[in-house]
């Protein structure tokens, strides 16, 4: 099986919800929620592709050759690639149900470990989704980052406790899902997370805590002050608020505001190793990739996930070779031109 | 009845003048005057949609949750929403006559009061339009802002007197209609309003006076010096001068010039609660919405107007939740990125 | 006869060379030389329309009303409009020969005088064109500006002498025609005009001398130092060099460089009174309009020329009313926004 | 034979690999490698055309006329034109094999000498390509610049030695071909060139050494410090890394960094004498033109190459006349406007 075959297979099984477009850019599926689209016009999804495309990469081949080293320290461990799987759930409502959430948990957690990093796993408005992943995570030595919805603090802490029990290496909270109408319709309350509550959560767990859905330098500073381990700069795949800027476009401001106090992850329209390179040059420590991994899992299960990771890795290595970057630390802002 | 049904009904009854496009943006109807289009190429209408779309909104969910408060103090009263109905008249010439101006007065004045704000009502080149609204305004306790054409001062003062008698809470003057060819063709003279005459008008009425059609900081300062209560930043829906900038694009300059001396309303292409949010972040106190309310009234009468207000309000509340704004005062320029 | 009838008639008689497009913008006819197009891709013609369109005009109606005064002092006389006819010749090669150059001279010189300004008349690679206009100019009291090609100085001075004899009020020299391949092919040499030769020409005639085809502040300063009366900022209708900027886009720099030492005319894509307004706000004293006047003359002879002038004038007056400009001196840079 | 006939003939014989488009801009052939396209989306090829098109040229005809002098000093000799042929090989894989590499060597080397400059000749993953050109170069008095792949230093020096033996005037090294997948697939290792190795190469040959594929000021400075004679600012025709900026867009920064210490060549989308003019104004000493010369050679052999050179030269001379440039040194940044 190769990556082309994975995509061919995915195209056969994913319709009509996801069309497996030549470039996954949010144009065809705009407004489809449930489904995989951006909200309304889809502008908050498409803007990410447009912004990433506008970032130019500067070739530089005058340097001492060496194999590029893509390894990364996070959570006290070393990962071999600087990209992770973004949390996506509800295979039966956002996708066509060809895969169950159990299938996807198995393929994604296992596939990402074999890829050299790990999956952020999802929470949802029905409790089963979060629960069904815990045994899979435990079976894989805790190598995943469970992502919990921004429930009221007691329920939030309860889920974090469950994650701890499963041995998870870290825990995330996608506060950006406040705007997710599906969650609201199900009658389950999700809330913004106050700095006070955030600090309480951080104190209440031994796991590194990573809020997802940070889009401003001000909010990032609040996360740092609350003791968070990192943040995910994200607009929830463009699904919760129209006319958001591209998450990656906010990276320079956010990095300038927090310096090294936070690990910065970013998602939104990342579709190649060159995009990962651009995100790192813009200020991120690592990238999250979402929708394409779902395609990969549909087309090839765990192997599809691994093959897709290898494709992205190969492109990242190539970008590093072509720009004279030996390690991820060499991927600095001067390697790109924006605008 | 729901908002989709209102639009479906409107689509049935409004042709051929207004096509009730998926997005009301001035493209299809450009040059149609009479009709609802922008003048000539329509550039002064379409530019508003383009500009608003280009304004990006920054999500921020790290804050203490609270129900967003959309209330606003104006004219010594509290209104529950920061958007009002813009003055549109001549249902028989600009639209197809399915509604009479009497119908529209009833639906709009009543509907906006029940929405929690009020309607700016129109004047026209035939005297009847202004007159027919006065009893409706009186019957609704004066809860409307009659808008008079920029007639010579005596006639202007006469109309303001009529507005006072009807108990109106304020009075506006759409000086931007100087460029309205229909008005000129009818042989009724309208004029620019000099600072001297403006001061005379302000002194001559106990009502707050609001010139509409201010597009520069210089003109706004003159209005403040003349003692006006507020202004409407407007290019008359793009119907009087080609190649005008978007009214909302002038808000930062105008706010900087007048500070808190004037209440600033703005219109032009506002089509969602997110657009209202953007206008407030750019510097407005409140927004006016015109053409979509006419569609709402055609599709659902007074109930249509209310349903449309509720739709806009819901979107505004959502934008406030997603950006960490508890009150309208929190909707500051740092919540957006322009350009 | 009205202006619509003029255009309808022109559409009947001008094909296939000029299609009398809804907007004369250089797109359809690009590369057609002979013909009326811009050179090559036509970019140096189309850029003028794009630039003018991008200039935004700021409405201002808070002022003491007055009839706008469009009069202009030039050559020691007062003209009632600030736009003139650009020199265009060779009706049989650039157009389809429906009009002769004699016809066009009669219509244009007479029509522009009745419009309240005057025509710049053309020179060409065959001597007859220049000569045939002289009696027409003389018959109209010299009210025209003969434009000579940049011949070697003796021939240039000879033509200027002929212009003096015809009583012309001024004389221009379209040095931009150096790039005109038709001229070169005819074996007649045209040259750039050196500052020294320019000063010699200025000293050698009592007529105000106006080089046409100035596009840089540096060249404008040289013209001022040589004693020229004015310049025409022009790229020869985009017909001599690809990828020229829009002439009007250079006005701010050029005006800043020469101050009031030169009268500045500008041409290129001016199609409305609003465009004339924009050119004046950008720094010009007056505009030249070319191709549309040829259309007007084809569709209505002298009357067509006058009707077109009236159309442009009406639009200019409207722009002045809508922006609070009483005189041309009020059309300052703060009335527009560029970009 | 004229240049139109050359192109007509090329269109007959080059399909389907090269379509001989009206403008060779990388749109139709994007992603075709082998073939002549840019990698992937083709963005690194198309960006060059877009950037060059956006550079505006300022006409200036107020100067003392003189024949433009396009001569250039390089390698201790005088060349009559400031553009050279870029190295392109593998006529049988990148093109359709209508010409052999031997044919192309003969046409290109001979044709460029008669054009007044010379050809940069190619290397490839099979040794024969480099070797087959050496006798042609020798037969033409060494008037060519052999370009070697960035092999390990011993093999690189060996090829340079072969070039010296053939009497070449200089030698180049297209380090940008590190990203060329065809080279890698053939199992031949190419590498970035370290500053140390570069200095070793420079010391090891009496020929001027010119690395090709420099895109940053930092890399250019390293080349200067290593003693290189010049550099080619190039992104390998957009074939090795997606989302590269246009090479010509980097010229101002690179020139500012190295001053006169390096001769700067540039390639990428140069399609006219006006483009050559723009590149020189942006900071280059000379331009390289690639794909169009291959078309010219297919359509007219050596004569096609010469005719194409004459076309480019004529356009360059015209641009110099129209901008008041007597020599190439007059083509300064103030002759253009960027953006």
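Per-chain residue numbering starts at 1, and chain names A, B, C and D are given in the order in which the chains are listed.
Going forward, a contact is a pair of C-beta atoms (placed from the backbone, for glycine too) under 8 Å apart; a residue touches a chain by one contact, two chains touch by 3 or more.
Quantities reported herein were computed from a predicted structural model and do not represent experimental measurements.
Taking the CA centroid of subunit B as reference, the farthest chain centroid is that of D. Interface residue usage between subunit B and subunit C, two copies of one sequence, is largely distinct: under half of the residue numbers at the contact are used by both copies.
Superposition angle, subunit A onto subunit D, using Cα atoms only: 90 degrees, a multiple of 5 between 0 and 180.
Work out the mean CA point of subunit B and of subunit C, and you get 42 Å between them. Inter-chain spacing, taken between the CA centroids of subunit A and subunit C, is 60 Å.
Along subunit D, no residue makes contact with two or more other chains. Viewed as a contact network, the protein chains form a single closed ring in which every chain touches exactly two others. Going by the touch rule set out above, the chain pairs that meet are A-B, A-D, B-C, C-D.
Looking at the complex, you find that subunit C touches subunit D at residues 43, 47, 150, 175-176, 178-179, 191-196, 198, 211, 213-216, 218-219, 222-223, 235, 240-245, 250. Across the complex, subunit C is touched by residues 53, 55-65, 272, 274, 278, 318-319, 321-322, 324, 334, 337 of subunit D.
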